[in-house]
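Order as written gives the chain letters A, B, C and D; numbering starts at 1 within each chain.
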Amino acid sequence: MSDYGIKELRAQIDVINLQILELLNKRARIASEIGHLQAKLGTQFYDPQREAEMLQALEQANNGPFSNETIKALFKEIFRASLALEEREARAKILVQRKHAEEKTVIMLPDGTEIGNDHFTVISGPCAVESLEQMDETAAAISSRGVKILRGMAYKPRTSPYDFQGLGEAGLQIARQVANKYDMLVTTEIMDRSQIPTLSEYVDIFWVGARNMQNSFLLKALGQIRQPVILKRSFGATLQELLYAAEYIVASGNPNVILMERGIRTFEPWTRNTLDISAIPLLKQETHLPVIVDISHSAGRRDIAVPLAKIVRASGADGLMVEVHPNPPVAMSDAKQQLSIPEFHTLMDAIEKVTV
Amino acid sequence: MSDYGIKELRAQIDVINLQILELLNKRARIASEIGHLQAKLGTQFYDPQREAEMLQALEQANNGPFSNETIKALFKEIFRASLALEEREARAKILVQRKHAEEKTVIMLPDGTEIGNDHFTVISGPCAVESLEQMDETAAAISSRGVKILRGMAYKPRTSPYDFQGLGEAGLQIARQVANKYDMLVTTEIMDRSQIPTLSEYVDIFWVGARNMQNSFLLKALGQIRQPVILKRSFGATLQELLYAAEYIVASGNPNVILMERGIRTFEPWTRNTLDISAIPLLKQETHLPVIVDISHSAGRRDIAVPLAKIVRASGADGLMVEVHPNPPVAMSDAKQQLSIPEFHTLMDAIEKVTV
Amino acid sequence: MSDYGIKELRAQIDVINLQILELLNKRARIASEIGHLQAKLGTQFYDPQREAEMLQALEQANNGPFSNETIKALFKEIFRASLALEEREARAKILVQRKHAEEKTVIMLPDGTEIGNDHFTVISGPCAVESLEQMDETAAAISSRGVKILRGMAYKPRTSPYDFQGLGEAGLQIARQVANKYDMLVTTEIMDRSQIPTLSEYVDIFWVGARNMQNSFLLKALGQIRQPVILKRSFGATLQELLYAAEYIVASGNPNVILMERGIRTFEPWTRNTLDISAIPLLKQETHLPVIVDISHSAGRRDIAVPLAKIVRASGADGLMVEVHPNPPVAMSDAKQQLSIPEFHTLMDAIEKVTV
Amino acid sequence: MSDYGIKELRAQIDVINLQILELLNKRARIASEIGHLQAKLGTQFYDPQREAEMLQALEQANNGPFSNETIKALFKEIFRASLALEEREARAKILVQRKHAEEKTVIMLPDGTEIGNDHFTVISGPCAVESLEQMDETAAAISSRGVKILRGMAYKPRTSPYDFQGLGEAGLQIARQVANKYDMLVTTEIMDRSQIPTLSEYVDIFWVGARNMQNSFLLKALGQIRQPVILKRSFGATLQELLYAAEYIVASGNPNVILMERGIRTFEPWTRNTLDISAIPLLKQETHLPVIVDISHSAGRRDIAVPLAKIVRASGADGLMVEVHPNPPVAMSDAKQQLSIPEFHTLMDAIEKVTV
């Protein structure tokens, strides 16, 4: 009998839901009319005083069981929804949001290579450009395994102002020269929008580092160009924040954004960061943008690079980035996480064996 | 004229607001009834399937101008508010929940000392009982400053099975003997309910360590006795979980529970744990139980013990626990965090200077 | 000529390098001897007081050109290396520690099934035992896909004392009956050592939940029996702590321990916990025990279960645990994370497709 | 006797320490000579090939007990120390590092107000500048309580590109006008170095938000000006990283930096961030810069603002920042955390009562 009671009460709720729905839309139509009148009068659409008065009236009329706080919170949501209706309707939806299951952004690179289109892309190279010999030896090895994108930092964002900050434009020249020799593309980190003109001469793909993920001036400037941008998740950022950061670039005009997971900060000390592998299926579900994983910075140690690469291959990610150096123990930065060339070959063998 | 138009339209909105208000409260009353029926049936309040069906019905009925997304977002807020209402009603039955601003549990100790009644209680002593001399020297010093509760572990929960595990019953005997000499009470850690009979012979106040905060068998057993229980927050537990753990003890019959904040795990490496100081006002707001802070285990370093003590004194906490050892560098455990006796005096001086 | 000068000076440096090398190793041998003496005396390896004295002596003796800061930094590295050497020697005695690359513990189950021996083991069943029908329907489905181990909680550890706590022994009887019908083994959670006799009548494999991972009394008691024990990592525990918790069981006499990763607490809200996938290769490297992953509790949502299963399959883990329920929306607990039976089949199909 | 053995062995280690010290300094002198010769020859000082050869030679000569990995790690530290010797000696030390117990940076403001000199500074105002009325009402109230610094964002860094981004320069004009009327100073957030000229016309104190804490281009640009800069700790940054970020500004020429703690990301959901109160004594110990606390963004809720203010007052911090709005429920951002004016008065009363 009480089960019958629940059904009966639920039917009543269904009716009330539809009544509320009708009132909400009626309210929205009137608010919209007011908005148009205000626009003609040139007065500001948003009127905090008016909202305060409405909230006060509701508070006085409220007999519960909802508390005044709850009622005010709900109506503030309604006010916000009304306020944003026109903009929001115009915008339709967030641009980076996946609209249907099959939607995907495929990044077309200058040499015809695609990212985001089934092919699993490996981006590799040393942490930083150190010398022509170092870049040449690395590029020879990785291009022999089909890697088409060469990484290498010329300007390094460092925690300390006294750490090695990169070779600068000299590093860019080396990277370009080597990439041309081996028919590769160059990707490097951009740290400020003032670098765009210089970097554009040498670089095919920009990446935004974790420290700048929410630098909205840089993101908007990267929306003005056409080169693809790899956007790294900050080690302190939620996935929602990563998507909004990508939206800054896309909404500014550049649809060629690739998301990169590279670990988040947790209490576990055996890895530098904790690779958030669940981020891959979650991002693939939420956005049409390609998603790749940096296995070097997430772990911060090379001894688990091979299993991590297999994991990433099976995760549905569109690719991975891994650091390789001809002589890791003498690398000027991140010595512990860069693979030697033989280790890189082992990793490529392992990836190739995985089928999903 | 259009200004008149705006006034007219606003009056219409005011009417709609009140209609929505009435429907929201009517809806809440019915949802509440359903909640009561569900509680009798033993099913959960939150029913995702039901919510999905309601949202689908609304989506089908929606003709705009609000988008389906907006309508769904608004109704999800309404669902959430309903659910919160039901949970608030359920929580009104939680025993540890503060029901009104003045409610507080005052723990009456065997010697007439009270915890939770305005007085700021300092609990002190070494990490572990090591010897009679060590306990005597410590107790002499701390009791001279008015400390009435002597801590000291006899059974130590250790991460590794090979670390020093405490002196056992011999340690309890030492602690009791010294406490009697200086007219103090003894508090020590309990790790399993089988220890209750033995510990009860020596100990005035039990404490449950962070590793056992959710050991429900132990919590229920401590609900069967009358000695006060200090319940330490696990370094991985939310405040909500701490309150529910306390509820296990109180609901089992023992109202004498004292909550202890001792830091949570985060990525910051300069302290062993991050002292969550906001927990103090939040817990004082949510529960009538006394709340104290362990400044030794939260920081894991003695050099900031004095400012931490001042902070805790000003926070509204009912007291603090601090480890003191006659010779910290040779302590058998936690050498880095135990204060020397002169440092303890400095700390007491500092606390006494704070007025709030 | 100056190039000659450089060669000459470099030769001098080469000589000094070897002299330093010899002194470092000589120093390490003596430090190791001290470590052995200390181990006999029961004092700790790490002695901050002694280190402070050594640094002070070096500071006083230092005439540059290295600054005192540099000298102290270098010697701290040397101290750390010495300490690590002693700890590595101590760890060689940790039972769960992998001693050589090929070492592995294979758990032999009553029906001849093995865990830890190349085969990828799937453990499945509902969160909690709710009824005979529910268990029968689930077991029929999962056993048809080769699953040999049926999970189902009879005693549920709950955050709130008022939540559904399980059917108790009636639940155990149901689980056993159904397992016998489908020729399966039963695994369920144990929360207190007092449950061992009762559970032993019905259960083939125990598991210790995250909340009890450091309940040393329970761990030691499980060391007295011979049934395999799955030890779940606490959401607030480091991998080091998980290994030491396993050591409690193994050192007490039961070598049949299986480690389980099930996510850690972080700030990311889109998953209930963050699955720490790097834990798999790290644990496989550090210990010879089998390692499996609970994909249901880590994510807390079923919509990414299939990619997570593929990830785990590729990670080198020995298996996974996944919750399945004939009708997830009406499940009495964890409704959001249990798979329906068709979803379970999709997941098994996906796992079978992965090759590594 | 074994205690005697330890003493004896320790004496041997003391001798070896001094021998290593001597060799290290001798090595440094020679490396320095090589550096001078290389500088004359115009060849690069850093020579990875040479380092690789030295490491190989050491590896071949190593007989243990230190492993080759340990030996290589130790020597890489020695190489790095040598490499950086000249720069490092020149730099003496990190500029923001406190050199002796009494050292402190006192920020002198245009109106003679000082930050960092015993006085407890309160910075207040709304989250964002919304209108002249809102700013005037707020400034009237807070200046009546002695607050000299008015906050208010004109350019808001938002997670989403579609959220309210601030009034821009119109907001700056309002803030300046109101500040002048009440004899106050203006502080607002700077997000990109291109904003410096415009902001400089209106603003007395810049602040760098959490999202830009490691934007090194912005930090270096702020080192070129003389206005004080409040540097907020990122919610994902360690204290070490905060200090290095401050060093970027100071090393670029602007010594007027104020550090701000504003909570870090953890798993605890009852506060938006977890206020890391231990950061205050730790920063006061490590640096001579003033340290203040943002109690609004750390908690994200106004109901615990008063106890948090008392806590901060007792912590040794040089001040706090708190958001105040004449009508919080209608605020365009952060409505939940801004205090009403009566609440602000309660908070000031509470602070004034605390003595430390």
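Note that in this section contacts are C-beta pairs under 8 Å (C-beta built on N, C-alpha and C of every residue); 3 or more make two chains touch, one makes a residue touch a chain.
Bear in mind the structure is a predicted one, so any value in this text is a computation, not a measurement.
With steps allowed only between chains in touch, the distance from chain A over to chain C comes to 1. When chain centres are set by their Cα atoms, the one at the greatest distance from chain C is D. We define each chain's centre as the mean of its Cα atoms; on that basis chain A and chain B are separated by 37 Å. Centre-to-centre, using mean CA coordinates, chain B is 28 Å away from chain C. Taking each chain's centre as the average of its CA atoms, chain B and chain D sit 31 Å apart.
Residue positions 88, 236, 240, 265-267 of chain A each touch two or more of the other chains. On the side of chain C, the complex with chain D involves touching residues 2-3, 5-6, 9-10, 12-14, 16-21, 23-34, 37-38, 40-41, 50, 54, 57-58, 61-67, 69-71, 73-75, 77-78, 81, 84-85, 265-267. Here chain A touches chain C in the complex through residues 236, 238-240, 264-271, 274-282, 284-285, 298-299, 303-304, 307-308, 310-311, 313-316, 353-356, going by the rule given at the top. Those residues of chain A that touch chain D in the shared complex are 46, 48-49, 51-52, 55, 72, 76, 87-88, 91, 130-131, 134, 157-162, 191-194, 211-212, 214-218, 234-237, 240-241, 244-245, 247-248, 251, 265, 327, 329-332, 335.
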